[in-house]
Amino acid sequence: MNTPVESRKFAQSNDVALLISAQNKRFLINLANDSKLETHRGVLYHNDLIGLPWGSRVLSHLGSPFLLLQPSLADILIETRRNTQIMYPKDIGFVLVTMGIGPGVHVLEAGTGSGSLTTALAFMAGESGLVVSYETRPEMQRLAQKNLERVGLAHRVTFKMRDIVDGFDETDMDALFLDVPNPHDYLPQARRALKSGGYFGSILPTTNQVSLLLVALKREGFGFIDVCEVILRYYKPVPDRLRPTDRMVAHTGFLIFARTIAEQAIDASTSQTERDDLSD
Amino acid sequence: MNTPVESRKFAQSNDVALLISAQNKRFLINLANDSKLETHRGVLYHNDLIGLPWGSRVLSHLGSPFLLLQPSLADILIETRRNTQIMYPKDIGFVLVTMGIGPGVHVLEAGTGSGSLTTALAFMAGESGLVVSYETRPEMQRLAQKNLERVGLAHRVTFKMRDIVDGFDETDMDALFLDVPNPHDYLPQARRALKSGGYFGSILPTTNQVSLLLVALKREGFGFIDVCEVILRYYKPVPDRLRPTDRMVAHTGFLIFARTIAEQAIDASTSQTERDDLSD
Amino acid sequence: MNTPVESRKFAQSNDVALLISAQNKRFLINLANDSKLETHRGVLYHNDLIGLPWGSRVLSHLGSPFLLLQPSLADILIETRRNTQIMYPKDIGFVLVTMGIGPGVHVLEAGTGSGSLTTALAFMAGESGLVVSYETRPEMQRLAQKNLERVGLAHRVTFKMRDIVDGFDETDMDALFLDVPNPHDYLPQARRALKSGGYFGSILPTTNQVSLLLVALKREGFGFIDVCEVILRYYKPVPDRLRPTDRMVAHTGFLIFARTIAEQAIDASTSQTERDDLSD
Amino acid sequence: MNTPVESRKFAQSNDVALLISAQNKRFLINLANDSKLETHRGVLYHNDLIGLPWGSRVLSHLGSPFLLLQPSLADILIETRRNTQIMYPKDIGFVLVTMGIGPGVHVLEAGTGSGSLTTALAFMAGESGLVVSYETRPEMQRLAQKNLERVGLAHRVTFKMRDIVDGFDETDMDALFLDVPNPHDYLPQARRALKSGGYFGSILPTTNQVSLLLVALKREGFGFIDVCEVILRYYKPVPDRLRPTDRMVAHTGFLIFARTIAEQAIDASTSQTERDDLSD
């Protein structure tokens, strides 16, 4: 089986492909012999796509043009089929870098939701990592599983149907992300699942939720607590009239990070904010 | 040899460790038997650290306390020893997710600089990836090599001392990042090194440079051109007085992304900006 | 005649009034005996409104409720009838404070456009000030005049139909604002119209235009040059779910300010940016 | 006596003047016959300055150059002598435009603090306006009075030493601004002081305070509630290397606005946020 980032010049069976119409409609598919993609602009037969160089222009049976591309992680995340608010690439990128997510990482997540962060964790953890994702709603878990299957990453994830109030099965995990409305209710469970020095992360839309989580993080003895927002501002890519776009996404959520540290070590842990203040 | 993200509860020889003093001084070291770390607050012997659980509180020979932690990628990036402006975690996270960087990726970079992006690429590409980094200044290449050696990632990178005006040795690469002041001068070389559909990226501090690069990207037939800024805003993590910090980093650079596509396919490629406009 | 800010508890003839429907449709009118306002929700007779306390709830002849309010300057600006992009309250507020606009000021503007900045200048300059506005398009001048008449401010403005390439009639003005696409073409004219130490301002949408203007400002010997953006971010006013709105205006324009100073004095003038750097 | 905005080409006795050294030290003075300004770079005699054109370059008795300028409102605000956090021009500009502050306005303020908003209110209200400012700390009131005297605006302000928990003397005011940590405690008092349809405003540093104020505003029947931030981003004014400054002020405070409306009219009042949503 091919991973989405496997270096390869030609589209092959089992590869994840992104087809983009001239009207900028996007279709994320898993290439399979004898399959077909039906669109409003006509049918595309996978057999015709397999073997073509990535970046090729292809035509549907009605003659409509499509671009055949390998999707990046951001492309995959944007195309996640969703029943819920999903995490954006701008937030996910910063979460990955901040929480030490990379090949071989052991990481927990709750809830699974539509699976956009799950996808990113599975993508970056690679074949040697461990990704476990908890969810209480069966229909969400099924949607996330389908989303990950479509991009060839489902086999890297252990999906669990469980209320995390009862705790996690795992211990000594490197990182844990809570994408639930009330992460402040699950910090003892999170602490037991994380290894000493492990990374905790969460995303919350409102300032009130952030305050509740901060109270709980301090009470439970987490250290290195940081709160931030990642803001992405696009520019119109016109060289002689360069300017920001007229409107932008103003808010997705506040990111909160912390680390588990030994009780007696708390005094030495400081937030990024305090570090910034020191360096000014 | 251990990778920085290898799941492990105890500090071991060859692990990368972050030691943080009570004064928030940070030391990034590669644990090695019989080595020692000398600080203004006293000496720490690696043999005393090896075997401790991550997150432990340790004392120097003068009795000063330190926290023993595994660094995340962000921690490593921030501690990069630099002669030049380095790329920030906020920008690197978005670059990784947007350009499809993950385990197994084949990626080119020029120039190496102090090696902060090189570190991130090596970290995420894993043992199965290919990372090649070009630089013209011997002293910069040496610094970057040392920075990557210190965190156990140098063996994943092929360092080349070469002016990229003469082109890259590699072809069919998945992604290429130009962190040079004049990327607009090297687009034919970039195009030849990238596979069809591959990802191009660059970071530039001024709007004038962005305009020059946009002209060149359009002239050379790149598609899916996007320009954006990633802005990171920290909050003081005080639950009952939650507020943004007083001051912040206002600008690091503009990020520019594009993809190589077949000549006849250009009409179907649009920027994220245009896609946003369509979906509004 | 009543000015919009005249302190008064009851709506009176000649007052500017804002009527807001339950569907949040807004109507800016000048109260006049025997006039009426026709809306999709029914007719409102001015005679019924005159004498009511501001803030009253009134009903149309169809029984639809409206709020009767005095408009603030921001309310008036937002309701400006426009053929062109107008300046936003966020930008106008900063322009007024930065350029010393207040009661008694002598200020020039070109072009008039739909008259939103003209409105603000006339509002703040008061009866003792002097506001002169140049425009080349007759239909724009007529629109602006109507907009200012509607809010009782037209008599404070001298409208001129003239290409400013030929210069301004006025000299020794306190401040001058150029809201034209090519302000860099009119700096000698601006300099002659301003008193020594007077304020120059402009708003431009693209970075390329800003660069052109900066070149010209330096060439023409302007000092205290500043470039900035004013960004306004709204929050959903829900106390227990406080959070920024999902989307926002990302860009209206870059503001550029400068002052005319004597030739030999240029070395002592610095931008706000440099002042900030000094104080850091 | 001359107001700061009186149009005038030459510096005259009683004018407010800004003197700027080559090292960018700034001195705000009230020109008076036979007075002098002592600086580290030498003495400047007012008699030598009176009669010079604004924008002139002058020399101290030690030969150090200074620029003689009329200050804008922003210049005056920045030079406010302070014992407390003062309001910034970016916030004040938006407050003025949003709350209908202009010539002739009747406006209340509490607390006076160092008097920066007081200065702006007095500047814009003009000779025909009414500005009343409450404060409980004698030393703050004295400082504010001195700050306003220095710029010739003190006579426009009625300073009161009073705890506003006991209410305001004034009624039917056009606008009222609370710059105190607990504005939520004084809303009944504010309501009684404002005319129907009058403007309420406040600035608060933390999200928790904003939530408390929002609860109180809704409880007290205020309408048209808005919460926002004004963010100011400077650019380095270098035409061929145009870019934002490296660092910026990230936060001064959240602005909260509302209007007093009749009880039965509340259903028709909406926040700017809701209006934006309607127009999207």
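General remarks:
The letters A, B, C and D name the chains in turn, as written, and every chain counts its residues from 1.
One rule holds for everything that comes next: contacts are C-beta pairs under 8 Å (C-beta built on N, C-alpha and C of every residue); 3 or more make two chains touch, one makes a residue touch a chain.
Note that the structure is predicted; figures quoted are calculated from it, not measured.
The set of chains touching subunit B and also touching subunit C is given as A, D. At the interface between subunit B and subunit D, two copies of one sequence, more than half of the residue numbers in use appear on both sides, so the contact is built from largely the same positions. Averaged Cα coordinates give subunit A a centre that lies 45 Å from the centre of subunit D.
The mean-CA centres of subunit C and subunit D are about 19 angstrom from one another, to the nearest whole unit.
Contact of a single residue of subunit A with at least two other chains is seen at positions 207-208, 211, 233-234, 240, 242, 245, 247, 280. Those residues of subunit B whose C-beta lies close enough to touch subunit A in the complex are 3-7, 9, 20-22, 24, 53-57, 65-75, 77, 89-90, 92-106, 120, 123-124, 126-128, 130, 172-174, 195-199, 207, 210-212, 214-215, 218, 223, 225-240, 242, 245, 247, 254, 256, 259-262, 264-265, 267-278, 280. Residues of subunit C touching subunit B in their complex: 207-208, 211. By the touch rule above, subunit D contacts subunit B in their complex via residues 205-208, 233-234, 240-251, 280.
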